[in-house]
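What follows are several structures.
Common to both upcoming complexes is chain A, partnered first by chain B, then by chain C.
Let's look at the complex of A and B:
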């Protein structure tokens, strides 16, 4: 287990360093892939197998692909400028992350004092998640509410994107009719 | 897997850590050997099927009988070929891209049960793990396309990424239907269930829709014709692997056939009874020690039947346009997959309650 931890943690740290400090933005994106996969591996070593699977499926295979699309299809100058601006934000985010981590550890210690303990050996989590979701006093309603929120965000994004397109068409059409005349 | 560990600890008297590593090394080594032999056979079979569909003979000279040695000869040629890296390419990414693509597919095999007990790990996540880990392949393809520093490669990679990410939705949704019936992600559970209750494909009428949707979506996921837009020869030279040569090129070729094997193995295990025979003839799942290997033969025969249909379709249907591929995925396959899942759920609640 320790060996796997070192492998995955090393991958996560190395990927994170590549992401933060590499000159080329595409390399940064691939570094992010490595970091996310390393984190998925850490989830697996900690026994959260379903979470690790989701991490690989959604973040490694889905979100970063979209990110790479955005990086490749945008112009080079603007991405560099954005990168240099966010380099200043990075330490702040890091400090915030450390703070949250410390807060989480505090909560964890309180939980341990209260005598609530996790399972000793890693247990398959899929069944537990299913029971938490679908049992009568489970988290079905909050889960569905979050799903509805995500759906709203999606529809909103599509609406905003389409509004831009319609404006372009409105601007484009009069210019075309002025110069074109009757076909 | 336990048998192997027992062999190394008991018969050879090794320590537990060493025995565990040796057992995994043996298992993965034999898996790699199987995959290599399979890929050579599948390439030969593809050429033969293609030739006979087009009323030719295909390879006939090398090795004597129907050109059986054509694939080993090709593999030998590719191995000794010079490994060319384009001068404008990004070397590091260009090097590791084929490895990432191949690892993504190979990792899926650790959860596939070939017969009772012939399985590397029966992961609790099973099907979900295979779907998740196979999505790494897209990253490798984008890496290959971008690092080649060639327009055709990049076009191919972007097409591939769009297609594979889109078709992950219907294929994963369609797989939910058998998962609902069995109530587990574990691939081992699918075999025990089907040995007891019969093949899942016959469990309810909606399962046929799920199988059809999964089969079409998995064709797209393997980049097989009619979905081979990422490497459309007439438009993109050869797609994302235009700039590759030698061994690195052969890894991409190998990856296509290995992902066909993986997808067919999932189809057979989840829908077509896994390694059990029809009507649980001979009770393959519970045979005594040496005879349980019969399951491997049963599964391989089933897998090759599915692979034959994949090849048959490749040489029958013309390639689709980009917009047709997207329409197919989002407007037809995804709703039908959701319908199949909902139908299965209703059917089983109705039958039980």
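Let's look at the complex of A and C:
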């Protein structure tokens, strides 16, 4: 098996294990960083160079920083895990895993019957992705929809996060140093 | 054999219907990526179920989305489906980033209103 596959798959699984089972939420967040970076490496081993770079930029750089900010702003207790919860949950997760692998086995046989051809050597994918994103018979409509959605998310997140401060000002409590510009 | 009866042999995908040589060839590579994806998915579900902190639920969701993305890219690479799988993974990454932004804003609101982000305590709509 490919050496790089083993390295990145091990990183992903190890990070996932740390995230799922560590007591401290900050350690769990860094476990998630490891898992996401491992997934980016798996993309690279599959020849998806652009997607791997995007994964590092967006997930490892962006989402994780957001998560750490939320951890610092909101967590008081470390929400300790009780062993009894694991005992209750273990059969559910085990059954779920078995069903997933059974479904995988079905897909696996279908692909084998279809007869896959050997993959050609990996090509740079950035130009192909760019052309597909902007061609009308490609992914132009989903691309524009994602753009609109991101604008909505930007406005919505700011609105949701600011509503509490306005209520504080109505109740006469000091709302910190921020004061202004509310429409 | 019944399709719902699982043996350990089936779970690790070494049953007899797959034929010899499959584990070393192209389909073997595909299945190894699928196994990693399945492990990550189960870890994400375990995180969501066991923790009561809303941030852990978010982290588990991210891990599940990444597990699905591995499958998209693996089938695009080894299944002969061209680059379309990578485009789907691209859209999923964008939506996951948007979801994280909104969900973290909601988490901050919930912390502000309830003084805690324990998801079992945000039950003011219950009664």
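Heads up, the rule we're going with is that the second predicted complex is superposed on the first by the 128 of 183 C-alpha atoms of A that agree within 3 Å, B and C clash if a C-alpha of one lies under 4 Å from a C-alpha of the other, contacts with A are read in each partner's own complex, and residues count from 1 in each chain.
The rule is simple: a residue touches a chain if its C-beta (ideal position, glycine included) is under 8 Å from a C-beta of that chain, and two chains touch if they have at least 3 such contacts.
In this text, all values refer to a predicted model and were calculated from it rather than measured experimentally.
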Worksheet item: What's your read, chain B or chain C touching more residues of chain A?
Response: C
Practice prompt. Look at A:96 in the shared chain and tell me whether it touches chain B only, chain C only, both, or neither; answer first, second, both or neither.
Written response: second
Item to complete: Once the structures are superposed on A, label A:60 by its partner contacts, choosing first (chain B), second (chain C), both or neither.
Response: first
Discussion item. If we overlay the two complexes on their shared chain A, which of chain B and chain C does A:33 touch? Say first, second, both or neither.
Written reply: first
Worksheet item: For A:124, is the partner it touches chain B (first), chain C (second), both, or none of the two (neither)?
Response: first
Worksheet entry | Doubly contacted residues of chain A, that is, touched by chain B and again by chain C | 50, 54, 62, 69
Discussion item. Quick check: in the complex, which residue numbers of chain B touch chain A?
Written reply: 93, 123-125, 128-129, 131-133, 135-136, 138-139, 142-143, 146, 154, 158, 161, 165, 168, 185
Worksheet entry | Residues on chain C engaged by chain A in the complex (per definition of touch) | 3-4, 6, 10-13, 15, 17-19, 22, 26-27, 29-36, 38-47, 49-53, 55-56, 58-60, 62-63, 66, 69-70, 73-80, 83, 86-87, 89-91, 93-98, 100-102, 104-109, 111-113, 116-118
Practice prompt. Spell out the residues on chain A that touch chain C in their complex, using ranges where they run on.
Written response: 1-2, 5, 9, 12-13, 16-17, 19-20, 25, 28-29, 32, 35-36, 39, 42-43, 46-48, 50-51, 54-55, 58-59, 62-63, 66-67, 69-71, 73-76, 79, 81, 85-86, 89, 92-93, 96-98, 100-102, 104-105, 107-109, 111-112, 114, 116-119, 125, 128-129, 132-133, 139, 142, 146, 149-150, 153-154, 156-158, 160-161, 163-164
Item to complete: Could you please specify the touching residues of chain A with respect to chain B in the complex?
Response: 26-27, 30, 33, 37, 49-50, 53-54, 56-57, 60-62, 64-65, 68-69, 72, 124, 126
